[in-house]
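Each of the two complexes below includes chain A, the first together with chain B, the second together with chain C.
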Partner chain A sequence: MNNNNLLKKGRRMGDLKYMILSVISVLTFLLIWQLLVIFGVLSTRTIAAPTQVLVTFFEKFYSTAPDGATIFTNIAVSLKVSLTGFFSAIIIGTPLGMLMGWYKPLDRFIRPLFEIIRPIPPIAWIPLTILWVGIGLGAKAMIIFFSAFVPCVINSYTGIKLTSQVHVSVAKTFGASNFKIFRTVGVPSSMPMAFAGIRIALGNSWGTLVAAELLAANAGLGYMIMMGRQFVRPDVIILGMLTIGILGFIFTWIFTKIENVVVRWRTL
Partner chain B sequence: MSMEQKAGTRLIVKDVSKTFYQKKIEPHHVVDKVSLEVKDNEFLVLLGPGHCGKTVLLNIVSGLMPPDEGSVYLDGEKITKPNPKIGMVFQKLGLMPWKTVIENVEIGPKLSGINVKTRRERAEYFIDLVGLKGFENSYPHQLSGGMKQRVGIARAYTNDPEILIMDEPFGQLDAQTRYNMQNEISRISEHEKRTIIFVTNNIEEALYLGDRIILFTECPARVKEIYDIDLKRPRDMIDPEFLRLRKMISNNTDLAL
Partner chain C sequence: MKKTAAYDQKRRPIKKILNSLLPFVSITCLFLLWFYASNINPDLVPSPASTWERLIQLFVKPVNKMNLFGHVWASLQRVFIALACATVLGVTVGVMIGWSKTFKAIFGTLFELIRPIPPIAWLPIIIMWFGIGEFPKILIVFIGTFMPIVVNTYTGIRLVMPLHLDVARMFNASNRQLLFEVAIPSALPPIFAGIRNATSSGWMTVLAAEMIASKAGLGFLITRGMDYFDVPLILVGMLAIGIVGALLAIITEFIERLLCPWNKKLEQD
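Moving on to the complex of A and B:
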């Protein structure tokens, strides 16, 4: 018991040591960056000092310059766009992939269309979607949908294809119908793969968001970055980039938590 | 379609054959005109060398696979699809890793729409009978090989089948666990009387458990000999009569590669 506590303590000390190391790494980087700007090695026209970015961050709480919206409005707009596209991709893509993997006629019917659409980069859809639905929420959500839809379908399709034949036989000997076997055996056993797909979709949708907003938007984080360039405000650009990075990190973290609950049997 | 049958016979396998055809490979003839009868409440052992035909025969009997020729009749009715009256314990277990022990055990009644309370009670009874009380909420990968197979047995029993097929259930266990499980299955089957068809390639296991042993040939599987085993239970593996029967069957068995 005592020994165990000591071990735990030792591990915590180790953790702390590595954490300090990581913090030092980030601080050193910021410090060098700051000094380079202060001593004029880097021009403030092309890059902003870390402190300047921090100041701009607080300014953007209420200031709408230069892009016409506060940081919260921009975040809200971007979140709305990416989550709309992302969730519609999950809701449509995951069940579709599972059904295609289970029912051969459906597979043969949809797959040719899917294979044609699959290699088209999501960004290539931008001009067409602008023609269809303008540059509003719908257009960007649609572009994000295309980027997230493909991994959702492919992974849940592959996952259900890998359903163990023995599990299927077990359910059959209990007299279960094909649809019941699909529901009770196929779907749960494909969950880990489906989640891996959703994880890819999450990354894709966040990445495509910026691209969509760079080209067609009037608010949002991507739009803010673009305006930062037009008005030569590197601090705004860097602030936008960091916000996108941090939000992406938070999403992945939330998603991992959800995944651990849903496919708990996998990680136990 | 129905068929005449003698009193006390539950299941009839009549002239069943099965061949697998694959591109570029010689047709694989695995079951050849097998006929046999299974009596009510008997412990029938299908004994055969190697890995040929027996599992396929069981899949045909349980309705998972259609035969090329011949038919299987349960109480005079031809079997064309899986029937809840026939339960199966699989060699490869087939426990669902996302379900706990009790969820695995109750899956049969759950799939046939029996309410939670009834199926939980039944599942708990059989979990207790196979000696897994206290492990209801464990996941399969937290259990040892022998315990997993107990879950498989409890699962088959919980669906209340009249005929229970066990396909080399102990094939992947180590020797010690295997002896242990042979005792257990003997105890469980005395306690919950069912008609059992038990497949093995182990002569001792066959003699230890069977009321009757049907010996099969090596590929394709054909009925070679039928033995009635009149040894009293519980059986003793070093009893002279046991050893005599063992030798007799052993001498009559095709060597597997």
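Moving on to the complex of A and C:
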């Protein structure tokens, strides 16, 4: 018992050592960056010191330069676009994948159309969408929809195909109708895979958002970094990149929490 | 009972034929819809015929001194160079942070901090640093391909069966042997999965890079179509993008089967 505790303690000490090491490494990175800028090795026209980025961050709370919106407005605009596309992809894509996986004729009918859309990266839709729909919320949401739709369909399709045949047979023996088996056996058993697909969709939609906003927008985080480039404000660019990264990270984190609650039974 | 069985047998072929016809029905529907839409607004939705004409014209009258194949090759070249660099560097970094806790503490954390930034978000600052030449584009594609390779290599190394390592240790394998003869071979399937992901992500990133600043490549082609309101050109470009993307996926899968045939796990798609 005592021995075990010691072992645990030793491991914790080891963990602590590595934690300190990683903190040191990040701090060193920031310090080198800061020093390089201070001593003029890197020009302030091409890169901003970490402290400068921090200052800009607080400035952007109320300042609208150079892109015409505060950082919160930009975040709100980006969130609205990406969540619209993302949720419509889940609402349409996931059930579609499940139905395709369960009902053969539907699969045969939709599969060819899906296979045509699938290999085209969502970014390639941008010019066509701009010409068709313009550069409003709808256009960007549509591009994000394409990026999130494909993994939603593929994964829920695969998930329902992997339904254990034994479970289906049991349900059949008890006289369940095909639709009832689909609803009570197929759908729950495909949930872990469907969620894995939604997780991919989440990452895709956030990545595509930036592309959509770089090419066609008048507000949003992607637009902010694009304006940062035009006005030669590296601090704004880096701030935008960090905001995008941190928000993406928070999304994934929240999603993992939801996933753990919804598919508690998953063994994957 | 007998009757229903006979009935079933009689009905099944019809059902089968119907089932096998369905894909053609859906494709026909798509074409009909396309014709219908192009009849209503031929400017926004060009008919299949005019798209085909545009494709032919692209060979007769090249855009920016390059026909379709030239643009395809320009894009592919960028992806290949970036992918080669990313594979070499990414696998090395992934193995290092997967194998040594010290490396993980030093580089892993930094990597984790940078990773959530989508590759496309790097575009503006990279253009600012390196201009709009060939190198910045390859660099962006490199960022897009590097991340999945590192992540998968890392996961692959972490998931090596402890049992296999223990067996090797019992046979007195050195640390080096453990890494090169046990860990890396068993991590190959996830590494290849990473390269496959990287290829498709690289194909997407190259388009974004070309759409923002370029004079060649498929991404350039479709933005040119947008700027000149040349919708058939956009469609031709998108078709080419789709076809090349699909071919890339098939080729990487084939290479994967060739190089690690022991990987028989169920594919995700």
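Rule of thumb we're sticking to: the second predicted complex is superposed on the first by the 249 of 268 C-alpha atoms of A that agree within 3 Å, B and C clash if a C-alpha of one lies under 4 Å from a C-alpha of the other, contacts with A are read in each partner's own complex, and residues count from 1 in each chain.
Note that contacts are C-beta pairs under 8 Å (C-beta built on N, C-alpha and C of every residue); 3 or more make two chains touch, one makes a residue touch a chain.
Everything quoted here is computed from the prediction, not taken from an experiment.
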Could you tell me whether chain B and chain C fit or clash when both sit on chain A in the superposition?
fit
With chain A at the vertex, the Cα centres of chain B and chain C span an angle in degrees (to nearest 10) of 80
Looking at chain A, does chain B or chain C touch a larger number of its residues?
C
Just to be sure I read the superposition right, which of the two partners does A:V263 touch: chain B = first, chain C = second, or both, or neither?
first
Looking at the overlay, what does A:S164 touch: chain B (first), chain C (second), both, or neither?
first
With the two structures laid over each other on chain A, which partner does A:W206 touch: chain B (first), chain C (second), both, or neither?
second
Once chain A of both complexes is superposed, is A:I92 in touch with chain B (first), chain C (second), both, or neither?
neither
Using the touch definition from the top, say if A:G222 reaches chain B (first), chain C (second), both or neither.
second
Mind working out whether A:P188 is in touch with chain B, chain C, both or neither, as first, second, both or neither?
first
A:P105 in the overlay: touching chain B, chain C, both, or neither? Say first, second, both or neither.
second
CA minimum distance (chain B, chain C), superposed complexes, angstrom:
6
Show which residues of chain B lie in contact with chain A when the two form their complex.
59, 62-64, 82-84, 86-88, 90, 92-94, 96-99, 107-108, 110-112, 139, 141-142, 155, 159
In the complex, chain A residues that touch chain B
164, 166-167, 169-176, 180, 184-185, 188-189, 191, 263, 265-266, 268
Would you mind writing out the residues of chain A in touch with chain C in their complex?
14, 18-19, 21-23, 25-26, 29, 46-47, 104-105, 108-113, 116, 118-128, 130-132, 154-155, 158, 162, 206-208, 210-211, 214-215, 222, 225-226, 228-229, 232, 234, 237-238, 240-242, 244-246, 248-249, 252
What does chain C use to touch chain A in their complex?
18-20, 22-23, 25-27, 30, 44, 101-102, 104-110, 113-125, 127-129, 200, 203-204, 207-208, 211-212, 218-219, 222-223, 225-226, 229, 231, 234-235, 237-238, 241-243, 245-246, 249, 266, 268-269
